[in-house]
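Both of the next two complexes hold chain A, though its partner changes from chain B to chain C.
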Partner chain A sequence: MNLLDIRNLSIELKTKNQNILAVDRVSLSMKEGEVRGLVGESGSGKSLLAQAIIGVLDDKWHVHADRFHWRGIDLLRLDIEERKSILCRDIAMIFQEPMASLDPTTTIGEQLAEAIDSKQLSGFFWQKQQQRKEAVIRLLHKVGIKKHIQCIRSYPHQLTEAICQRVMIAIALASRPVLLIADEPTAAMESTNQGQIFRLLASLNQLKNMSILLISHDLENITHWTNTITVMYSGQFVEAGTTEQIFNKPLHPYTRALVDSSPKANLQLPSKSRLMTLPGSIPILQHLPIGCRLGPRCPRAQRACVEAPKVQNYHGHKVSCHFSLKDTY
Partner chain B sequence: MFIFTLRRLNLFIFTMLVLTLISFSLSYLFPGDPVINLSGQLNSSEEQLALLNENYHMQDNILWQYWAYIEHIIQGDLGLSMSSQSPVLNEIMILLPATIELSLVALLIAMFIGIPLGFIAAIKHNKTSDNIILSVAMFGYSIPVFWLGLLAILFFSIGLGWLPSAGRISLLFEIDIITGVLFFDILLSDSPDKWQAFQDATTHIILPACVVALAPATIFIRLARASMIEVLETSYIKAVKAKGLSFKQIIFRHALRNALIKIIRHVGLQFANLVTIAMVTEVIFSWPGIGRWLIESIYQRDYTAIQSGLLVLSCFIFIVHILTDFIYAALNPLARGNKHGS
Partner chain C sequence: MSELLAVEGITKSFKLKRNWFQKKEFIALAPLSFSIESKKTLAIVGETGSGKSTLAKILVGAESPSNGKIFLNGQLLHKQQLKQRCQHIRMIFQDSGTTLNPSLTILQLLDEPLKLNTNLNESQRRQLIRQTLQKVGLLGDHMNFYPHMFSGGQKQRISLARAIILQPQVIILDEALAALDPSLRSQMINLLLDLQQQMGLAYILISHNLGIVRHFSDQVMVMSQGEVVERGETLSVMKNPKHKVTKKLMMSQNFQLKHHK
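Up next is the complex of A and B:
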C-alpha cells in the first residue's frame, strides 16, 4: 500500500483577469520508508505542490485533485478539520529559508516546546513543563546540537542558517512524522553544511523508517540521497522512476537535458567545451504554452505536442511525452 | 541594554540642546528687547534692567548669552509670564500634568480601540468586516477635530446630558494639587467624598479624550491592519501552520507580537500629532492644560510663555518617544543586544 497517493493534483491561481493553472494534473506516490526527490527548475511548482499537500497555501490558490490517499485513507472524503488533524499529525515540513521560517521574536526553546504534542507527555500537569523541557533537549540532541542550553535560550537571528535548519528539523521531528517534506532544505547554505543536513536526513530515514520527500532544483546533488525521483517542469509532470532509471536512462527530453547539463554525467566531454542546455528559459505563469509546456524548448517537439501527452508507464518508470526516448536505448 | 539606554540619553541631551537653541533664538526674533523677552520683566526699573543684563550676560558675545540662558533653565528659572507676571515654571507645573493626563488617556483609548480593530480587519482580510472597519477608519480620519468636539458637546452634553462639557472636575469638589495629575490627587486627598470626585473627574475626561483619540485611533487601525497582513503572509506563520497549531494559537503566540513590533514605533511618532490635536481640544472643552495656555499666550503676545511652553511641550513629547523606544526594545529581541557586522 502506498503511503501517499496523489492523482492529478491541480493548483489554480484565480485572479480577476484570468485563471492560471500553476500546477497541472501532477501525480505523486510514495511508499513507506522511501526517499523521493522532486526535481524541477525554480518556478516549476515544486514548492506549491508541497505546500498544497500539507495544506498551508493561501486562500487565493485553489487546489483540486482526483485522488488524495494517505495510508489508505481517502482524505478528499474527510472534512477540512479532520484532514488537517491527520496531515499535521503524520506529515511535517521544513522550509527553504530556515531563518525566515522561525518566529524572530520567540526563543528557540519555546518554538520547539509548542511543537510537542501534549498527548506524548505523561503525568500530571505540574510534571508536564519539566517533561516538555526534557523532550526539547532530546530533540536537539537528535539533530546533533550539543549546546542545548545556549540554543534553547537564543533567538533565530543569533544562530547560523545550518543550526536554524537543524532546529526546523527538530521541530518537524517533534510530532514524530511518518513523512517529512523537505523543501530545498539546503538552499543558500555552504556545501559542508549541506552535507551535514543531508546526512542527518538520511540517518533519520534509515533509523526511524521515515519517508522523505526531498525537493530540489539540483538533480545531480540529490541523486546520492534518493531512491526515486519525480521530475516536474513548469507545473507539469515530466517523469518519475527510480534514481538509476532517471539518471541513466531518462525517457523524457527534458530529463535528458537536465542530466546532460550536469558536469558529472559529461566526464567524457572535452575541456572548455559548452555543456548541453535547452534554448530559452522556463515560461512565466502569465504566458504558459498550451499542451506540453516544454514544447517551445523541446528538441523533439512535433505537431502532436500542442496536446498534453498522457502518462505512459514502463515497469514503474512513468513518462509524460508523445515522443519519449524509449526507442533510442 | 546599558549602552542602549546611554545612547537614548545621549540623543535626549543633544535634542534638548538644539531645542534650547531654537527657543533662545526666539528671544531675538520676537519684537522687543531680548533680555525682556527672556526674563519677562516688563515694568523693571533702570537698576533692575542693569541687573538682568548682568545676569543674562547681555554685554558679552552671543555664546555667553546662550550659556547664561541654559544656566537659568537648569536652575528652573524660565522667566516671568508677561501677562500675569508670575513665574512661568509654576504655571507650567500646574498646567502640564493636565495635558499629560488628557493625552495619555487619549493615547490609551486610541491604542486599545485602534490596534485590536486593525488586527480584526487583517484577520478578516477582504471580507465584509474588513471593509466596514476600513471605511469607518477613513471616515473618522477625515473629520476635523474642532468640528467633532463641538458636535460631541452638542450631542452628548446638551442633547443627551450624559457627560459634562467643560473643565476637569466639577467646582464643588476641592482637591489639593499634589502631583498635578487629578486622578492621583483625588486618591491622595483625604476628602470624605473622594469617590464621587473620582467619578466626576472620570465623566469629565471621557468626552475630550475620545475626541482627541479618534484621529490617532483610525491611524492605528490602518497601521495595525497593514502590519498584521504582512506578518500573516510571512513564512514563519506558514511554518507554524504546518506545525499543527490552531488559528488562535498562531495569532496569540506568534502573529500578535510580531505585528505589535511594527506598530509600536509609529505610536511614538503619532504622539506629537496627538498632542497637537489635544491643544485644539483643550480650547474647545476649556481643559486647563498647557495647550490652551499656549494658544492664549500667543494671542496675548506673551513671548516668555511661548518660548518656555514650546520647550517644555517638546521635551515631554521627546520623553514619550524614548519610552516607546524602550517598549520596542523590550518586545523585539533584534533591537536589543549588540549587532555585529550589520
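Up next is the complex of A and C:
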C-alpha cells in the first residue's frame, strides 16, 4: 500500500483579474521507507506542493485533488480538524533556512522541549519535567549533536547553519513522523555540511524506516541519496521514476536537458566545451504558455504540444510528453 | 604566453582588540602568490573562512592587503590607483538581485562605470551599452527596464554586462553561478566561455561546486584557513588529490573522476 497517494492535485491562486494555475494536475505517490526526490527549478511549484500536503497554505490558494490518500485514509473526506490531527501525527517538515525558521528569542532547549508531545512522557506530573529534559537530550544525540549542554543553552544565532538544520531535524523528529518533508534542507550551505545533513537523513531513513520527500532545485545534488525522483517544470508534472531510470534513460526532453546540462554528470565531456542547454528562461506565473509549459523552450516541440499531454506509464517510469524520447533508446 | 595578473606574497591580517598588552592578530591570508594568463581560468575552492572571498576583495581593491604586491601586465598596481584597477579587474557577485540598484534603469546602471572611467560622449556610451547588452544575450531595448522586471538569470547577465563593459582583462566570479537554476546556469557557463574566447578574458572562479570547477577551469587552488594547501592543473589535482582538505571536499560531493584518458 502506498504511504501517500496524490492524483491530479491542482493549486490555484485566485486574484482580482485572473486565476493562475500554479500547480497543474500533479501526481505523487510514495511508498513506505522510500526516499523520493522532488526536483524542479524555481517557480516549478515544488514548495507549494509540499505546503499543500501538510496543509499550511493560506486562504488565497485553492487546492483540488482527485485523490489524496494517506495510508489508505481518504483525507479529502475528513473534516479539517481530523485531517490536521492525522497530518500532525505522521508528517513533519523542515525548511530551507534553518536560522530563519527557529525562534530567535528562545533557547534551543526550550524550542525542542516545546515540540515534545506530553503524551510521549509517562509518569506523574512531577517527573515530567525531568523526562522532557532527557527526551530533548536524546533527540539532540539522535541528530548527531554531542555537546548537548552547550546546545540547549544557546540561541539560534550562536550556532552555525548546519547545527541549526540539525536542530530543525530534531524538532521534526520529536513527533516521530512517518514522513519527513525536507524543503531544500541544504540550500546555501557548504558542501561538507551538505554531505553531513544528507548522511543524517539517509541514516534516519535506514534506521527508522522513515520516508523522506527531498525537495531540491538541483538534480545532481540529490541523486546520490534518493531511490525515486519526480521532476516538475513550471507547475506541471514532467517525469517520475527510479533514480537510475531518470539518470540513465530520461524520457522527457526537459529531464534530458537537466541531466545533460550538469557538468558533474558528464565527466567524459572535455572541459571548456559547450554544455547542452535549453534556450530561453523559465516563464513567470502571469504569462504561462498553454498546453505543455515547456513548449516554447522544447527542442522536440510540435503542434500537438499546445495541448497538455497525458501521463504515460512505462513499467513505473511515468512521463508526460507527446514526443517522449522512448524511441531513441 | 605572458602573465596577465601576478600576485606576490599577499597577506592579510586583522587586529583583534583584546586589551593593551595582549594584542592578537587574526591571519586571514598567509603569504600567497599565483599568476594567471589571459584566456585561462583559475578556480579557488575551499570552505567558509578559508580566505577565498578576502582574496577576491583584495584583488578588486575593496580591501587593501597587509603586505605583498599585485602586478597587472607586469605593472605594479598601487593602492591609490583604484581607477586603473577597476577598469581591468571586475567582479560579479553571487546574488545578482541585490547587487543591482533597484531605483536605476539598466541604462543608468551601465552608464555609471562609463561616466567614471571613460571620456566617451553620450551617444557613444549608449551605443556601447547597446552592444554590450547584445553580447550577453539581451536586447538593446532592455536598457530602459528596471532590475525588478528581469528574472534571476537575466539579472545575472546584466551583472556580467556591467563587468565587461569596460573591456576588462580579469573577471572575478564570486560564487556567481551558485544561485542560478541548472538550465540557466549552463547557459551562463556557455556565455562566459564564449566571452573568454572572444575577449581574451581571464577568470578567477570562486566556487564550491566541483563539477563546474572541473568543467570551467584550467588551474585550481585549494585553500584552507588562509593558506593554499594544494594547487595545480584542475584535472590532475582532481585525479589524485593529495591534501586531506581536497579529499574531504571531493568526498562530500561524491565526486570521482573516472572517465579520463
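Heads up, the rule we're going with is that the second predicted complex is superposed on the first by the 329 of 329 C-alpha atoms of A that agree within 3 Å, B and C clash if a C-alpha of one lies under 4 Å from a C-alpha of the other, contacts with A are read in each partner's own complex, and residues count from 1 in each chain.
Everything that follows uses one rule, which is that contacts are C-beta pairs under 8 Å (C-beta built on N, C-alpha and C of every residue); 3 or more make two chains touch, one makes a residue touch a chain.
All figures in this text were calculated on a predicted structure; none of them were measured in a lab.
Novice: Report for A:C88: first if it touches chain B alone, second if chain C alone, otherwise both or neither.
Specialist: first
Novice: Check the residue A:Q286 against both partner chains and state whether it touches chain B (first), chain C (second), both, or neither.
Specialist: Neither chain B nor chain C is touched by A:Q286.
Novice: Between chain B and chain C, whom does A:L102 touch in the aligned arrangement: first, second, both, or neither?
Specialist: After superposing on A, A:L102 lies in contact with chain B but is clear of chain C.
Novice: Now for A:I171: first (chain B), second (chain C), both, or neither, which partner does it touch?
Specialist: first
Novice: For A:T328, is the partner it touches chain B (first), chain C (second), both, or none of the two (neither)?
Specialist: It touches nothing on chain B or chain C.
Novice: Tell me the contact category for A:I54 with respect to chain B and chain C: first, second, both or neither.
Specialist: The answer is first: A:I54 touches chain B but not chain C.
Novice: Touch test for A:Q194: chain B only (first), chain C only (second), both, or neither?
Specialist: Only chain C; A:Q194 stays clear of chain B.
Novice: Tell me which partner A:A257 touches in the superposition: chain B (first), chain C (second), both or neither.
Specialist: second
Novice: What residues of chain C sit close enough to touch chain A in their complex?
Specialist: 47-48, 151-154, 181-187, 189-190, 193, 208-212, 214-218, 234-235, 248-249, 251-255, 257-260
Novice: Looking at the complex, which residues from chain A come into contact with chain C?
Specialist: 41-42, 190-192, 194-195, 217-220, 224, 257-258, 261-265, 267-269, 271-272, 274-278, 281-282, 284
Novice: Within the complex, which stretch of chain B touches chain A?
Specialist: Result: residues 233-236, 238-245, 249, 253-254, 257-258, 261, 331-334 of chain B touch chain A.
Novice: Would you mind writing out the residues of chain A in touch with chain B in their complex?
Specialist: Checking each residue of chain A against chain B gives 51, 54, 56, 58, 84-85, 88-89, 92-93, 95-97, 100-106, 114-115, 117, 155, 157, 168, 171, 175.
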